[in-house]
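What follows is a set of structures to go through.
One chain, subunit A, links the two complexes that follow: it is found with subunit B in the first and with subunit C in the second.
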Partner chain A sequence: MNVRRVAAVAFKEWREVTRDRIFLLLAFCMPAVWMFVFGYGLVLDVENISFVVVDRDHSSLSRDYLYRFYQSRYFSFQGELAGEGEADAWLKSGTARAVIIVPEKFQERLLSGQPADVQTLIDGTFPLRADITKGYTIAINNAYNVDLLADHLARTRGLSRDEALRRTHPLGLEVRYLYNEEVRSTWSTVPALIMFSLMVSSPLLTALGVVREKETGSIYNIYSATVSRMEFLVGKLVPYVMISLINVVVLWLMAVLLFAVPFKGSLLLFLASSILFILTSTGIGLTVSLLVSTQQAALIITVVVSTVPTILFSGLIVPVSSLSQAAQFQAHLFPGMYYTNIVRGTFLKNVGPAVLWPDVLALAVYAAVLGTIGYRLFTKRPSV
Partner chain B sequence: MRVSDRLTVWCRRIAVMTRKELLQLFRDIPLMAFLIYSFTLSVYVTGNGIQTQLKNAGLLVSDADRSVSSRELISRFHSPYFRFDGELTHPNEGFVRLDRGGSMMVLDIPTRFHEALVSGESTAVQLFVDTTNSPQGLSAAGYAARIVGQFSQELIMTRNGQTGSSSTTVPMILSDHRVWFNQDQNETWFESISHLLRMITIFAVLLPAAALVREKERGTVEQLLVSPLTPAQIMLPKVVAMTLVILGATAVALFGVMLPVFSVPIRGSVALLFLLTALFIVATAGIGVFASTVTKNQAQVGMMTLLVVAPMLLLSGIFTPLETMPVWVRYLMALSPLRYFIEIATGILLKGIGLEMLWSQALSMLALGVSLFGFGMWRFRRQFQ
Partner chain C sequence: MRTGASSQYSALNSQHFDTVVSVSGFVKRYKKHVAVQGVDMEILKGEIYGLIGPDGAGKSSLMKAIAGVLTYDEGTVEVFGTLVDSERAAERVKQRIGFLPQGLGLNLYPDLSVEENIDFFARLRLVPERDLIERKTRLLAMTRLDKFRDRAMKNLSGGMKQKLGLICTLIHEPELAILDEPTTGVDPVSRRDFWSILAELLQEKGMTALVSTAYMDEASRFHRLSFLSSGKVVASGSPTEVQALVPGSMVTFEATPQLDAIARVKTGSRQVEALGPLLRVFREETVPAAAAQAITLSLGDITPLHLRVDEPELEDVFVALLLRQAGQLLSTEWPPVTVLPANHGLAIEAKGLVRDFGTFRAVDRVSFQVKPGEIFGLLGANGAGKTTVIKMLTGITPPTGGEGWVAGAEMKTAGGAIKERIGYMSQAFSLYLDLTVVENIRLFAGIYGLDANATDQRLKWIVSMAGLKGYESSLTSRLPMGVRQRLALGCALVHQPRVLFLDEPTSGVDPIGRRHFWDILSRLAREEGVGILITTHYMSEAEHCDHLALMYAGRIVAEGSPGDMKRQVEKEAGQLLEVATDQPGQALRRATQAGFSGAALFGTKIHLLSLDPPQDEARLRTVLSSDGVHVQDVLIRPLSLEDVFVYRVMLVERQEQATVKGAAA
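Here is the complex of A and B:
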């Protein structure tokens, strides 16, 4: 490989980029804008679930019970219905996601020491939301049950309230959160967003590089030039790798300074694996560019290939361990997952190469494979 | 020329140009192959693969008691929510395993656990949770709290029984949940619907945007402009052609994958669904049309549209519930047609409702489509004057 020829191709490519002001601006703005929007906007705590109630009992105890839902920041009270028949319309129109139905004789049963059924109707169209809603109502009910029981024991056994409360808590659970002690949503999303922003924006930088020259015909200059296949591909890649590298630094600074996420691990490891990751992500764009013959196809294929697996299968939100086998397989086919492990590991966990080497190795192998594929696909003597 | 003649000519021109666009699209074999993949296999893998509820959370146990009670408690942490990853001799070993990843939490049961429970004392177990992925960590802790709470409640009941109370019942609220529209909480329904919407969005924005810029880039738009065609007659056929192709792909995804494989129900009107899907595609295409008028080449238009599409995909309520969004995001997403269409699609398919409840979403989409398109058209005309 002749360094001067590589430099010549890279320099030509760089000029083309810098002359296209809009492209250059977008190349630098896109990851930063996403980091900003998603860092503040992609919040994952479900709150304000709208609900309505049907109170058939209208007693002081039922009001006391429902008050716990009114008070909760997880729920947002929309109104009281006259009967269960109205629930249908509220759930169907989406104005309420849950309906809580307090039965008749609620107070009577509880005061006489009997259980009472409280029914909750939940909108199941979005299973995640339904599951969370269910969890919240169970938590509220459990807390209320403990109080009910303590009152009951105090009344029937003549215990003091403290003693009764102690008896209702035979087994406690002490939860300690590790790595993200205060369980801040931003701490877990922002490092993963570095992965997201790079993985979605970098392939697009290179995706049109070769196919554009094919479409306009300028590729014939390359075919007839002395530059070798590898030199051409490397030269094509260099400017975009540099742009992405600058973006990594910007994103890292945003994470640490703007979002105040602690960086506990080794900066060297982070940067080294970021370079590998950038090589794979820009390499994906270049490979698509070599495979197709129109820019339109290159654009769409790259966007789908880079965004969809990144959103779904890279551990951004849904952990890889909870995917089905086919989806896990797909997750391992894309570099995003490995880099997510590295980013979260170096930011929050302070783990080093001893733990992260499989992920780093996977990225290196990925980059090597893409390089080989690119080399094989590109020919200076096209059959057509 | 009479009005009816002019109309015929207008329609014929649109038809001819639409045919040209369709031919051009179908000749791009890699693109078509990818379109088919996106609306079939991709929908299948995603619908089948994504599980947003807690699943397989790796649990390590450090059981210092090794008693009936401790084993009973451990056995309550079962699949599908938890995955038992093994026992530890010492809790510290667990931290090393959590560092390495794979396992997500460590349950630490103290010595004398069984003794304390039997003798009526209070005791506690400790749970260490990896919260590098905070929603998952919280969810796992929530499930654990439910399990321990249930265990604790049963203890109180047996103690109550043992102490010879007259009635074995205690006052408590029994939670009875009915999940509507999806009784079994089958996740494939929502995940396949949301993935289909994701694909429609990407294709609806990018196809016309790239097609319009390509003509500009290559200069073929000059030829079209000197032809008798008006700017609207150049632009509309592209959108019509893309809309037809995407609608066809949607039908394939719906009748070829989602219905037969996932048994997604169609409880509402199919005609209304496709009508509103067409409206959604056109409204979303408006974003692409607009982007194509402010850019000069396909690289620019690709980045410009992706800049907008990525937030649409992540924040419109197809990925996480709208309830999680901060207020400013909810205002921002009022501009995203997808935010309305997810309610329309799940409403028609799963809830079986019609326009009587979806009119406001449909109108919002229409308003967005008309303004985006109008603006795009105005810019497109202006460019060549």
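Here is the complex of A and C:
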């Protein structure tokens, strides 16, 4: 390896990237914009479920029951309907996701010790949200049942209300969330977005950068010169690795300062594995670029092989452990998952190499394999 | 280290001392397509070797294989005595080679400045910084690019990009320069400039060069050459040797009616061309008087005017060789003439057309007239304003000032009406490559709103006019360039336009295809009375036009028939002398010092202009022999349109510089 030749290639590439406005935008703005947009946009918490009520009883108990929904931060009251007939229109237009119908004689039946049925209609088009809505409804309903029971005990047994409450709650449940105490979804998605932004931008940049030379014919300058394959590839990749490194730092700062995600782990481990991940992602771009000959093809293939699997299989939205078995297998084939583990681990859990070494090793293997493939695929004397 | 080893290696092969490149039985295939089949070639140290041929002849494949950047399938390629048969072997000779790939400026980096481009190439080749500074200064001065050191490459003109490409290729002072179509797409002035710079550089360093070109008229630039067609060598040797392969004469004359005259001389000759009012015919008789007599005889009762007999040009020789190979006459049956409503007005009239882009005046008071049945050529370098004129006349771009009429319609007010009366064919041919020939024609018929009856009629007409029989259901992408070009012409004519615009229509087509194309154009003009406006870079094509206008910086600087324009230059600057000497480089330097105007090197010969040939010849002989240069021969050559173009443009440039200097003082 001759350093002068590597430097010649790297400087040329750096100048081209930084002088091409579109490329520059793609290199430095795109990752930060993604982080910003998805960081705020990709909130998976289900809150403020819009709902309407049909109260046929209009009693103090029915108002008491419905009041619990009005009060909840998970629900957002949209209005009271005259009858069930109107409910359909609300659900269809999406202005309400749930309808709660309190039957006639609700108070009368409860007071006389008979059961009453409250009907809940939930919009099931999006199963995840429907399930969560159902869960919240059941929880509120249960709480109301227990309160009714406690009232009943207090009245019939002459117990104090506190005592009655204790008797109705023989088994207490205390839940503490670890690592993400308030279960904020941003804490989980923002670190994974670092992975996403890198995984999309750096293969794309690298692929376009190499294919551009093939498309214009300037690659023949390299073919016909005495620069070795290794010197060219190293010189070509250095600027893209540097860009991605700068992006890692910018994204990390955004996560910590803008989204207030705590960074609890080792910065060194985070940076070291980031470099491995960057080598892997630029390696993907390089491999794609050596297989195709137009920028269009490079763009499409890179999106297909890196962006789509990254969204689906990296644990960005759905945890890998809750995927189907086949999908879990696929997730292990793509490098995104390993880096997500490392990023979440170092950000939220403060875990070190002792736990994360398999993920770091996996990235190292990826980087090595892709580098070797790139080196093997590149020839200075092609057949077409 | 590697270079050292390889030079030792080549030194051992002393029998290869004078042979730089040796190719034998070379075959290159792309999947099933055979690009080059069995080429043999030997390039000697210090010569400029030419590869001439149309697009797809196999020039690029051969050059890339020699440069070690493409594999090949059969045969051997030896460069500097090293058999280039693997990537490793190719690496051994690469330090001694400079390779300029095809495509004007495409191998350069658009966002890098002139200087940064050169630095990159030099550092890639490990040129020591001190040498780099010295060579860069010299080369930039020589190419007059030194004022543009800091300009981004993307903002250079075509000619400047071409020169920068040459500097970048030669910055490491290779022993062998391989230049793939370095002059394609560049105007004649830049091309001449390029050739003289190249000749000077090669001579100075004793470099060898392999250069390809699609311009037949550049053949005389080479010491030796190979003419390639469909992957095979049709002829090779020095220009004189190649010329000797087809003995004969070219007879040029005027005869009316032209179409009858063509039909008569075609009985005795296969090569007949109409150049405006002139006819140019190849005869196998070598004695001028015999050739002239044969023409007079075949013409019968038509009397030829202004008859003259010349030696065949290299292009004529190539066409003769290709025809010999093809073995049959290329002919199309001309369909019955379509009777169109009589059109007494002008086909095109431009009056003081002006177009500004911001503060830049792209077209400056351009006026000309094209009569029905006339072929009008608009010549000029890239950026001279030719395309803008066409765009204004076709109603695509509104003019800033002036007026224009096309087929009787005022261009400013009748945008739609103009489009129905004109046909337009662009450089890119604008065909759909995934459609068949018939599908393309039907598509264009549909676009112009022809009914089913008219479509069938025009389809038949186009197929027979353009010689597309047998190709009807072939995919357009599979057609040879020449056929594709005729199809594009047919599609532009589907709605029977009165006026036809052709924007650089013949790039990349082989000489026979080009002649076929021009045959069709002149019949369209003569028989159907279509007015044709054509722009072109090929000066040999401009010869076919009835009338020419030369544009420079948005203005028309010269106008007239090809003959008039040549005569005018001969009157102003003199006749063209071709001087053959034993030391061309030295002779050129002395001739320039002695003040001979327009002296330039063409292969081994020198061209210069002389107002008084006998006196100048005597003076030149004295000047050169005092320097020990032996003058072998001095001939008076007919001026080419390229000579006219270069003379006119240089004259305007000098005048402009004088005005600028005058204003500065």
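Following the convention adopted for this analysis, the second predicted complex is superposed on the first by the 372 of 384 C-alpha atoms of A that agree within 3 Å, B and C clash if a C-alpha of one lies under 4 Å from a C-alpha of the other, contacts with A are read in each partner's own complex, and residues count from 1 in each chain.
In the analysis below, a residue touches a chain if its C-beta (ideal position, glycine included) is under 8 Å from a C-beta of that chain, and two chains touch if they have at least 3 such contacts.
What you see is a predicted model, and the numbers here were worked out from it, not measured in a lab.
Student: So which one touches more of the residues on subunit A, subunit B or subunit C?
Tutor: B
Student: One more residue to check, A:43. First (subunit B), second (subunit C), both or neither?
Tutor: In the superposition, A:43 contacts subunit B only.
Student: Should A:83 be classified as contacting the first partner (subunit B), the second (subunit C), both, or neither?
Tutor: neither
Student: Look at A:174 in the shared chain and tell me whether it touches subunit B only, subunit C only, both, or neither; answer first, second, both or neither.
Tutor: Touch partner of A:174: subunit B, not subunit C.
Student: Have a look at where A:188 lands relative to subunit B and subunit C in the superposition and call it first, second, both or neither.
Tutor: In the superposition, A:188 touches subunit B alone.
Student: Tell me which partner A:158 touches in the superposition: subunit B (first), subunit C (second), both or neither.
Tutor: In the superposed model, A:158 contacts neither subunit B nor subunit C.
Student: One more residue to check, A:20. First (subunit B), second (subunit C), both or neither?
Tutor: In the superposition, A:20 contacts both subunit B and subunit C.
Student: Touching A:217 in the superposition: subunit B (first), subunit C (second), both, neither?
Tutor: In the superposed model, A:217 contacts subunit C only, not subunit B.
Student: From the superposed pair, tell me which subunit A residues show up as contacts to subunit B and also as contacts to subunit C.
Tutor: Shared contact residues on subunit A (touching subunit B in one complex, subunit C in the other): 20.
Student: Please name which positions on subunit A make contact with subunit C in the complex.
Tutor: 2, 4-5, 7-9, 11-12, 15-16, 19-20, 216-218, 220-228, 379-384
Student: If we count contacts the way the header does, which residues on subunit C are in touch with subunit A in the complex?
Tutor: Residues 2-3, 30, 64, 67-71, 86-87, 90-91, 94-95, 97-99, 101-103, 106-109, 111-112, 116, 119-121, 123-126, 152, 168 of subunit C touch subunit A in their complex.
Student: Quick one: which bits of subunit B touch subunit A in the complex? Just the residue numbers, please.
Tutor: 28, 30-31, 34, 38, 42, 45-46, 48-58, 83, 95, 98-102, 104, 117, 120-139, 141-146, 148-149, 151-153, 155-156, 159, 165, 167, 169-183, 185-187, 189-190, 195, 198-199, 202-203, 206-207, 210-211, 214, 218, 295-304, 306-307, 309-311, 313-315, 319-321, 323-326, 328-329, 332, 343, 346-347, 350-351, 353, 357
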